[in-house]
Structures are given as C-alpha cells and as structure tokens.
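Both complexes below contain subunit A, partnered by subunit B and then by subunit C.
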Partner chain A sequence: MNINDVILKTVSKAVVLIILTFGIYLFFSGHNHPGGGFIGGLVIASAFVLMFLSYDSETVSEALPIDFKKLSGLGVLLAMSSGIAPMFLGGAFLSQSFGYFDLPIFGKTELATVTIFEAGIALTVIGVVVNIILSISEDE
Partner chain B sequence: MMNNLLVLPMLLPIIVGVLLIFLRTYGRIQAWISLIAMALTASISGFLLQQVQMDGIIRLDFGGWEPPFGILFVADSFAVLLVLTSSIVTAICLSYALISTSKELQTMYFYPTVLFLIAGVNGSFLTGDLFNLFVCFEVMLLSSYVLLTLGNSKRQLREAIKYVSINIVSSWFFLVALAFLYGAVGTLNMAHLADRVAEVGQTPLLTTISIVFLVVFSLKAGLLLYFWLPGSYSSPPIVTSALFGALLTKVGIYALFRVFSLIFHHQPEITHTIIGIMAALTLIGGSLGAISFNDLRSIAAYNVVVAVGFILVGLAIATPAAIEGSIYYIIHDMVAKALLFLLIGTMITLSGTSKMAGMSGLMKNYPLLGWSFFIAMLSLAGIPPLSGFIGKVLISSAAIDNGSYVLLALSLLSSIFVLYSLLRVFKNCFWGETIVSKEEQLPLRRGVLIPCLVLVGLTILIGLGTESMSPYVSGAAETLVNPSIYIDAILGKIQ
Partner chain C sequence: MYLLILAILVPFFFTAFIPLIHNRVGSIHLGWLVLVVPLVLFSIFVVQVPTISNSDTLMQTVHWIPSLGINFTVYLDGLSLIMALLITGMGALVVLYSIYYLSPSDSFPHFYAYLLLFMGAMLGVVLSDNLLVLYVFWELTSISSFLLIAFWYHRKNSRYGAQKSLLITVFGGLGMLAGFLMLHSMTGTFSIREIVATIGQYPEHALFYPAMFLILLGAFTKSAQFPFHIWLPDAMEAPTPVSAYLHSATMVKAGIYLVARFTPVFGGNAAWFWTVTLVGLVTLFWGAYCAVRQTDLKALLAYSTISQLGLIMSLFGLGSAALHFGDGEQGALYGLAIFAALFHMVNHSTFKGALFMVVGIVDHQVGTRDIRRLGGLMAALPITFTFAVIGSFSMAGLPFLNGFLSKEMFFTASVNAASLPIFGASTWGIVIPIIAWIASVLTFVYCMIFVFRTFFGTPQSKKADRKQVEPTLGMLVSPAILCVFIIGLFFAPNLLGDHLLRPALNGIIPEISGATPHIYAWHGFNTELFMTLGIVIVGSALYLTFRSWIKIFRLQPAGWTFTALYNSFLKNLKRASNWITTHYMTGHLPSYFAYIFMFFILAAGGALIFTGALSIDLTSDSPISVYEGLLTAVMAIAAISILFAKSHLAAVLLNGVLGFSIAIFFVLFRAPDLALTQLVIETVTTVLFLLCFLFLPEWTAEDSSKRTKFRNAFIAIGAGVTITLIGLTVNSGKLFESISGYFENSYELAGGDNIVNAILGDFRAFDTMLESLVLFIAGLGVYTLIRLKLGKGSGKDEHQ
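Right after this comes the complex of A and B.
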C-alpha cells in the first residue's frame, strides 16, 4: 500500500523548522519564564518524531546519524557533571552560579551554569522520547 | 566539603551506569567496572558510618539550599548501615552475575540497570525529603521493571504485568498521600514534617493520611499486601531474584520505620497496632506459603515474606530494644536472603529443574554447596552464632517485656516454619539417593560458589561480630526512638 503523502512531507519540512525553533526558544526562556530543559527537549523530540513519521526511518537515520540511546546517556552525564563540578570547588553538590558578561553582538548577557544542567536534561528527554517511539514502531 | 561524600552512594552508581551504556557490547568489562563501583560505594559508606558515629548525623543540602526549603540527604546510622549492607550485597550479586549469567543478559543493559536500581535504593535510604523519597522509589522501581522483564520468558512477562500495574497503583497512592500531607501541614521535609506534626498533635486527619502511607509502603515492603511478591520474585533470572529479595522489600521496610518512628509516632495505639496486626498476618501467610510449595523459588520467595513480618514486629513493639533487633534483622536478612537465592539458583542450574522432586542426593556430588545451604538455613532460622540470632533474641525479649505475647508466639513459630521449609529442601534435595552418577554430573562452573561462600562468611561474621557492630546499631536505634535528635540535626541551625 502506498499512500500519497506529498502534502505531509512538504508541510513537515516547514513545520519541523518551526518546531525546532520553538523548542530552542522554550529551552532558553525557561531560565526566567515558563519553559526549560524538559519542555524544550520534549518539543524538539516531537520535531524528530514528526520527521520519522513523515519520512521512513532509514532516510532520517541517514540524515541524522545519532544513536538516541547514547544521546540520553550523554545528557545524564552532562547534567550530572554540572552538579559534580561544584563539589571540586568547595560547594555543595548541585550548587549553581551565574554571572554577567559583555559578549560581542549580544551585549550584556547573563550566563548561568544551570543552563548546562538544563541542556543535559533536554538531551536526555530527546534521547528517551525518540528512543521510546522508535522501539515501539520497530515492532515486527 | 566533607559532607559532599553523602551523595556518592547514589551518584557513583548512576554515573558508572551511564558510562556502561557506552560499553554495551563488552559484558565482562561492564561486570568488572560495576563491581569496582560497588566496592567503592561500599567503602565510602563504611567511611560515612564511621563519621556519623563520631560526629552525629551528617546532612548535605543540595545546591546549598537550607532545609526546609531545599532537598537534602541525611545520613544517620540507620540509613548508612543499610546503604553499606546493600552495597556489599549488590557487589557480591554482581560477581555471581559475572560468573554465571548468559552473554545475552550481560549485553542487554543488565549492569547499568542494576546500578540504577542500587542508586534508587541508596537514594531512598539517604534522602531527607518525602517527595525525594518518592523520586528515588521510582528510580528503583523503573530499574526493577527492566530487570524483571530482561530474559524475555513468557512467565516473566506475565509476572511483570502484575508487578508493574500494582506498583503504578501504589505509586499513585503515594502521590495522593503526599498531596494530602502537603495540604495538611505545608511541608515535605521529613524533619520539618516531624516538627510540625508534633506541634499540632497527630490529629485524626493526619493519622488517616499516615494510614495511606502505611498502605503504600506495605505494598512495597510486602507487609500483608504481599500477593504480588512470590510470583514476581520467583520468575526473573536468579541474580535478579537475589537482588530483589535482598534489597527491594527492605526499602519499603525502611520507609515504614522512618515515617512511623520520626513523623507519625504520636498515636501508636492506632498506627502501631495496625502494623502489629499486619505483621502477624504476614507471618502466618508467609509461613504457610513457605511450607506449601514444591518449587524452590516459591519457597525462597515466601521466606522473604516471613522476614518482612518478623522485622515489622519490631516496629509494632517500638521499644528501643525491639527497634535494635529489627535493625540487626534487616542487615542479617539482606545477606541471608541473597545467599539463599544464589544457592537455590545454583541448585536449579545444576539439576535443570526448580521442582524439589527433580533433585536428590546433591550432597554427594556437591558437598560444599550442601553445607553452604545448611548454614544459610541455620542462619535464617536464627541459630547462634549466626547472624539471624541476635535480631530474634532482641525482638523476642522486647515482646516479652512489652507483653505482646501473640506477636511473640507468632514470630517464634514462624522461625520454626522457616526452619521446616528449608529443612524439607535440604532433606529432599541434598540427602537421599544420588540420581546422577559421578561421571554424568554437571560440573560446577568455576568460581560459582565463591560469591555464596563470601555471603556464608558474612553471615558468620555478623553473628560473631555482633559485639563490634552494637555501637552502630544502638546508635541507629537511639536516633529512631528519639526523633528530636534527627530534627535538631536538620533544623537546628535556623531555629
């Protein structure tokens, strides 16, 4: 059976871009507003899932050679490392710090170590969600 | 700086577990790395125990947020003793896995999952926040779901469906109870909870909430609500069964002890009476189960149930001596149950069946295995000088002092039932006509008995070294009996 999915493919090409942008926006806005690593990660993962749905998994895997199992492991490691680093600097586990820096283009910017932690969470969520969907769809 | 060590018994297994995901195809290397990680965890907890003994309760406020606002880990002797024992037992079970399990199992994320399981277990022991306890429970349970289904046999999947659904229901109850409690007293920090509950008095509403907690933890511990336990503990590969039997119910028991000695201890005539009745029924049910099966793994699983009932008798009586006895017995039971499951697993591998009828005269071919089983049996029955003795003596004498003669009679009778159930196994499987001749017998895989012998050594050592353990255990019991020690250590600074 070969359904005609031209519309789906064309639309998802545009929509994936929008979803990814929105996901990254949510990730960064989470610092002071609703959003954050978990939600941003979920939205980004949904973009990947849409790609897997509209194209077949071989095409997507070729374009995105990522092992999502390892991605989630990497995420946990990244999140943990931001918790462990302060232990070597005399702080308590999971201590966070932030500072203001003058960056070119951006101007005065707040940089916080909690972003590293959130990035880890986002990677983990992406890895786990995509992995779950792929494992279910691979059922023979 | 020093108290950052406190997070390592949970953090180290997680990090090593994640690293092992990247080494998926190397079964033996994974086994060795996880063994080293658990040995490290055990030595860190040994060091922590020493620290707690010298300086009192240690705490670690995550991210520097002071209680009651942040989440924290608290190490008192009770928690650290359990962390130490569970780390050692896990290390020994892992070494058994290294020697005995199939390559498929080893490369299907078995070791990372075990490490995540132990992270959840250690986290549950150490946390000082009731919601964090829920999270650690979930970490442990999710790993146990994976471990239960790894191996992919039909029976495992059937039991896993029951196990997963019952645990999801009980986790939901846990959340509901947490919501009620937060609505009632406005905090989830254990010390702060204890403080506030003591301040307002344990009103009927709070007692009702505590009973919801009792139901939740009883489901996890297998106290009366153990209907799911024998099936799910007897279906997975034997190493998994040993880990489950040694550790998982203990986490529920720990939560019961913590919550009902620290927070809800003002209405013992209601809560502790209910615990007593549940413990008594558990003893009866477990004893009957233990003698009524011919399947070795079911017998072992019902032995887990009996021990749960026995330990909770100590909480129901709740005198310092009884609590002390329970702590000794929990430690003993972790070691002895792991030993029992590993021995039974070895017997099943050797004879190819888990039914008693299929085994006979194993003693002639495998004397070392036979005598190890004999010692495990004596230890579980509470014969001195093995590790089960001191716990039974303390709980029994506390029951006499307290006038709880029904509980006393039931707990002593249950010991006889335990002895009978294992003696039946010993008589049928080890004595009798040797079915398999010397030439045809399956050789024991090299080194497979070493983990069992280490556990045998441990149970003897705990029994003989009771004297040197007693300062730690009585310290743990003292903190449990006097909640003010715990509360002051956590909230002392800001009040």
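Right after this comes the complex of A and C.
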C-alpha cells in the first residue's frame, strides 16, 4: 500500500457517504425538483464505483454482498410490476396515481405510485452500471 | 370477477414459485403439487359448461394499452371452452402420468416450469379476444414447446428438433402477426368479435387476401400442415408426456383453433375453402402415407398426428362453404362438417393421448420403441395392450369407439362436398372423397401395424434391454381415463354434442340457425358405411401383404424430402451470412465509423434535402451570450486538439472536456436534470476508459495514405454539417403546434412539479420502462460477452 492509496481510501470513505446521501436525496426530490430514478441511480452507482476503485473488489464484495446482476433484474421486475398492478384496479398499463396523506413525522405528504416505478429504474441503473464496470475490471 | 383472466395467469404465477418450493417439498414429488393447477383450472372451466351450453358467452376485460386498442380481453364461448377443457384436462392427466414417467435424474423444476408456462400460454391463446394478446401467447407456446423438446438438451437430436420447431412455427407466427396488422388496418380494431361483426364491409379490400393467407400461414405452420409438417416428427425427441400433451392434444391444435376462429371472418370465400380443404387433404394423405413406413412407434404416431390434423383442417375447409349459403338448409348441411371437425378434435385428443402414453409405457418398460425390436408384448403387458387396441381401433375408425362416429361424419362431409354446387366443386369435388378414402385406408394399415407388430408375433425379449412387466398403477391411470372417454363418447356422444359442440358451432357459423346436428351411431346402409367396410377389407389386405408392397417407398429418391430442403436452406443461410459478415466485420474501428457516418449522411442528409425540409431561419433566435461563445470556443479547441493528441490519456481527457462543456451548456440553458445526468455519465465513462486502458494497444499514429486521410476528413465534416443542418432546421421550421403545453400542467395531472420527471415516470412511462429493459439486456450482453471464453471448455456438450 503506498501513500496515494491511503489518501484515496480515507477520502473516499467520507466522499462515498456524501455521494450516497446526495444520490438518495436526488431520488426522492425528483418528483418536484431536479433528480429522479435515473439520476439517483447513476449517482449511487458512481458511489459504488468509487468504492470499487479505491478498494479491491474482494473487500467491497465482502462488505457489500450484492449481486448486481440480480439487482438489475429486480429493478426491471419492479418497474414492470408497478405497471401491471393498476391493470387489476381498472387502470391502463403503467397508469400512475398520487394522493396527499397526513403522516406522523412528515406532516402533509404526497405519496405517488410513480416512486415505485422510479425505484425500479434506479435499481436497474445501479445494477447495470456497476455490473458492466465490474465485469470489465475483472476480465483478464 | 376476473376469474378467467386469473385462470390464464395462475400457471404463470405457479411457474415463478417452482424454483422457490422445489427444494422444500422433501419426499413429495413436485408433480403432485403441480397437478393441483390443472385440476383447479379444469373444475373452473367445467363450472362454465351450463352457461355456455345455454349459448351464453363470458367476457372480461383488463385495460392494457387502451390508447393502441390493446386490451387483455378474455372471451369464453363454446369453441374456447372446448379448447380450455382439453388443455386443462389433458394437462392434469399428463402431469399425473409424468410423475411416474420421469426418471429421478431429470430436472423436475425445469420440466414442470416449462409445462406450466405452456399451459398458461395455451389458455391465453384460446381465451384471448385481442389479436395482439393472442399473438403474444401464441409465441409463448412456441417458446415453451422449444424448451420442452430440448428438455434432454445433451442429445444432439433434441436440440435439432427444438430449433426446427421454433424456426418453423415462429416463421409462421411472424407471418400471422403481419396478417393481424393488416386486419387492423382494414377494420381499425384488434378485437376478433368486432372484426367478425364488421368484416362484411370490406370484401373487396386490397388487404383481404394477403391477410387471409398470412394468417393461414401461421395456422398451417403451428398445426404441422403440409409442407410445414416436417418439424413435428423431430419434435418427438421431447419426453413422451410432452409429446402426448403439446404435440398431439393441444399445441398443434392451436392452428386449427385459429382457422375455426377466423372461419366467420374469411369463410364463405372460394380461396379460403380450397386452401384449407386441399392443404388439409394433402396433409391427411401425406401423413398417413409416411406413417406406414415408420419403424419408430413415436415417429409413426407423429405422422399419424399430422394426418389427423389434416383431416380436421380439411373439415373446417369444407364447413366454411356453409357461410356462402347463409341461413337455410344448404348452410346447415355443410355446417355439419364443422361440427364433425370439432367432434374429431376432441376424439383425436383422447385416442392419440392414450396411444402416446402406451408408447411411453412400452418405451419405459421394454427400453425400445423400434417395432423391429418389439413383438409379442401382449402376454407381458396385457393392460397396456388393451389401451393400445382401444386407442388405435378408434383412430382407424372402427365401431363402438368414438373415432368411428367422427370418421363417418368426415365421410358424410366429403361426400356432400363432391356435390357442392359452388366454387367449381362440381367438376373437381369428386377428388375430395377419393383422397379421404385412400388416406383412411392407409390410416387403417398403420393402426394395425401399431397394434399387431408391437403386441403380437414372437416375443423378442432377448433383444430387449429390461424385464418386461406392467408399470406401476399410477402410470396406467391416465391412459385408462382416456380409454373410458373413447368408449363413453361412442355411447353418449350427444352429451358432448349438445353441451359443448353445438355452442361452439353456433359461435363459428352464427348466422346459420338451422344447424342443430345430432350424432347417430347407425345411419343405415349408406355410402359412408360402405366406405368404412371397404377400408377394413382393403386395409386388412394391404396389412397382410405389407412386405410385398413396402418397396414402393424406395421409389422416392433419397434427399428429395422437405427436411433435406430445410437443412440445405439452413446450411446456405449460415454460409451466406458468414460470407457477408467476414466482409464488413474487419475489426478495424475507423472502417466501422466510416460505414456508420456514411449511412447517416446519406439517409438523414438525403431525407433532409429530398423532402424539402431544409429551411434555416435565424431571425427569431436569441442573441449569443459571451458565456456561450466562450464555451463554444473551448469545445472547438478541445475537439481539434484531440486530433493532435499524443497519448490515450490526453485524448480521454480532451474528450472529457467536451462532455463537461456540454453539461455547462445544459446549465446555461436551464436544464438542471440534463446537466446532472451528463455530469454523472461523463464521470462513469471516464472510469470505464481508465479500466479499458489496460486492454488498449500502444498509441501509434495512423500511418495511412493521403487518400484515406482525405476520405476520413470528408466523412467527418459531412457528418458534422448534416447534424448542424438538422439542428438548425428543427429550430426554424414549425410543422405542427408544440405539444409541450400539455406537460406544463404536470402538477395537476401527475402531482409533480418536475416536468421532466413527470414525463419520464408518468406521461411517457412506457418509453422509460422499455429503456430500462434495453439497459438491462445491454448489461447482460456485456457481462456475457466478457465472461464467454470461446475455445477451452466450451462446446463439450455439442456432439453427444
């Protein structure tokens, strides 16, 4: 381990936290402000990529036992099933709805089904981006 | 409320659960759990019988893509109910049979997952009213059939058979899709019921005949009609329960179902009448002719299935004449053929299912199904022998079995057709009963071969591999139930006729009210009875003298078969595409860019000029600010510097300058979402570049000739100019009103202030969903390509 690695690892520990927080913020703020599932997913993915860059992939895989291939499949499945569900409630495929609810801590909050769809998109993006970068980096 | 829709979806849901439960079932065979699905579904459909026999129909709709007219509409009438009962009933028997048939080394979860997938898809085909939904399920049946044929995928023949069936049925399916789209452009609807109601307005439409022939192509390939029958014998590589289920009782009847469903659309038309009838008759004859020469019991049954499917198909062709006459005595007379077709469709499922199960038992207990190595099994397998006699004598059309009744009705229909006063049948119609009779004689011969060569004669136990005893009781239950139906339907055919066949008939030829057929076992001494007597006499004589005329099959030159044609087509296709690919896939990236950009310049630039769309109007543009000018200058400098870069790193960094500058442009133009996305994408791309450094060759200056350099510069400038012109044109010309006003109400419509996201997740969510799917597939593709190590270790399964 040389001196550059120490700096990189120490800095990335802090930075990853910031990027992840920012990514999650972007994901939820997307409804009314810039952000959304795609960007949120990309930012979270770039945090993971930074982790893989500064540490080796074995260490990260141990701390983060996620199969990113399955994650991307799960994302597509989630996005699709969020579209199929309204069909059984009389709506068309992928029709979204929203409503305003009084929640204990948040107060009056808007809940929208589009968030489930966006979560599917985000998971797909995270899974695909990390998976591509991992497979290229692990290729001999 | 959505009972029927759920009935279609239940097998799919259960399929998803199989991987989760199969490890937890312990000593219980997975098949017992799977058996619940067809049994429950069967009882759901049986409950509908009283409704349907009152000539009522059921319809349930779930909106899918209403804006495109695609809805998941389930429509249950007599015809779909018959098919649904066959699918679920035969499904239950086959699952039960498979519990005893499969060996412990087979992968049960795969087998039952594929089988349930098929069951759901097939139910979807027969219950869908919407053409596009029907098409999706139709292709799903092809895919599940492919998976089931290749179930023992380590065998070369299984893979060959699976590929052949998939290529042929999907080829037909694509034709059918084109036919469906033509029907839609004619009538403006995808609903079969609405098409039936309005098709009378378009008899002279230019697309009427193309649509008809394309839909028939789908039906003929699926139902293994001549000359597309060649996939069915190779499909026999599937496990025998699959052959009994998909390749004789249900899936191959999808084409027949389609013809029946579309008879009210296209029937009463000479082209439909002759195409369906003649293809059916030729298939009937050719299947029977080929079946006689087979030495493998399953191949014999495969050709006999082809032949019987041809018989049913020709009956639907003959019956379509009824629609020409309309309501009245004549219409009712020819409508009988459709009634006979429906009846024979049910009968064929019973006796052919039983026969396949008999072959499965013989194969399972004796270890071979080659009739040259079989014989004298009557003493060892007396119960199986009884089933074989009942099944094949019914297929031969002998009395006291259901096949006799439908065979007699087939002869009635063919004799009636000979005196048909329309479609030029008065001159050529006589051919129909003659072909029917000859094919029936051959049918009789192969039925006798099936019974007598297998179960009579000298026992050949020395050549057989195993001890020959009856199998466990469980394996005999399913064929026994089918045999009960074979005999029961002879004595009480009108129970089926009144409750199921007549409502189905009324659905196919609705305007003919006089068609109230009744099935009689005894008609007196008429033409049909003498035809049957002739078949028995001539057939017996032919069977007894079999060895002296078998040489006639050698007259057909070897290599003059449709299978040989198919094989050479595949071979040449591979060779041609290999030739083309090696000529343009040179591995030289600059050439690829040259192809792509030249195509782009010609296609996009050409369209821009020839359609006269090119118009540049700069008057209403806002002035260029200092920031924009500076940024453009930075980008231009970076782009030009790339040309003179001396290392990979410099080139990548300069490329990054371009990307980040675009992000700043997005900020200037107040598009924060785009700017954010562009920034993150640039970052991730840079990481990708860094990873790829390892694999890149040394940076060397292209040592290309002046001419090549000039050509490349020309293409590069051309592409840039084309893009610029398109951009300026788009900004200047207003071909239609802007639609962006609609999206500005996103807070009321979608509950979100961010218009970009409201569009992505709500207004145009379908695009987004498909994009994420594309992304997912691309990711899997990258992963597979990198992990795929050609050469060592791969292909060891290839040549077993």
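The criterion applied here is as follows: the second predicted complex is superposed on the first by the 136 of 140 C-alpha atoms of A that agree within 3 Å, B and C clash if a C-alpha of one lies under 4 Å from a C-alpha of the other, contacts with A are read in each partner's own complex, and residues count from 1 in each chain.
Please note the rule applied: a residue touches a chain if its C-beta (ideal position, glycine included) is under 8 Å from a C-beta of that chain, and two chains touch if they have at least 3 such contacts.
These numbers were taken from a predicted model, which means no experiment stands behind them.
Touch criterion met: A:K69 reaches subunit B and subunit C at once. Touch counts on subunit A: comparing subunit C and subunit B, the chain ahead is C.
In the superposition on chain A, the residues of subunit A contacting both subunit B and subunit C are 69, 73, 76, 80, 83, 87, 90-94, 96. Across the complex, subunit A meets subunit C through its residues 26, 30-39, 42-43, 45-46, 49, 53, 69, 72-73, 75-76, 79-80, 83, 87-88, 90-94, 96, 98, 110, 112, 114, 117-118, 120-121, 124-125, 127-129, 131-133, 135-137, 139. The touching residues of subunit A, counted against subunit B in their complex, run 69-70, 73, 76-77, 80, 83-84, 87, 90-96.
Those residues of subunit B lying in contact with subunit A across their complex are 1, 3-4, 7, 11, 14-15, 18-19, 21-22, 60-64.
By the touch criterion given at the top, residues 2, 62-67, 72, 672-673, 676-677, 680-681, 683-684, 687-688, 691-692, 695, 750-754, 756-757, 760-762, 765-766, 768-769, 772-773, 775-776, 778-780, 782-783, 786-787 of subunit C touch subunit A in their complex.
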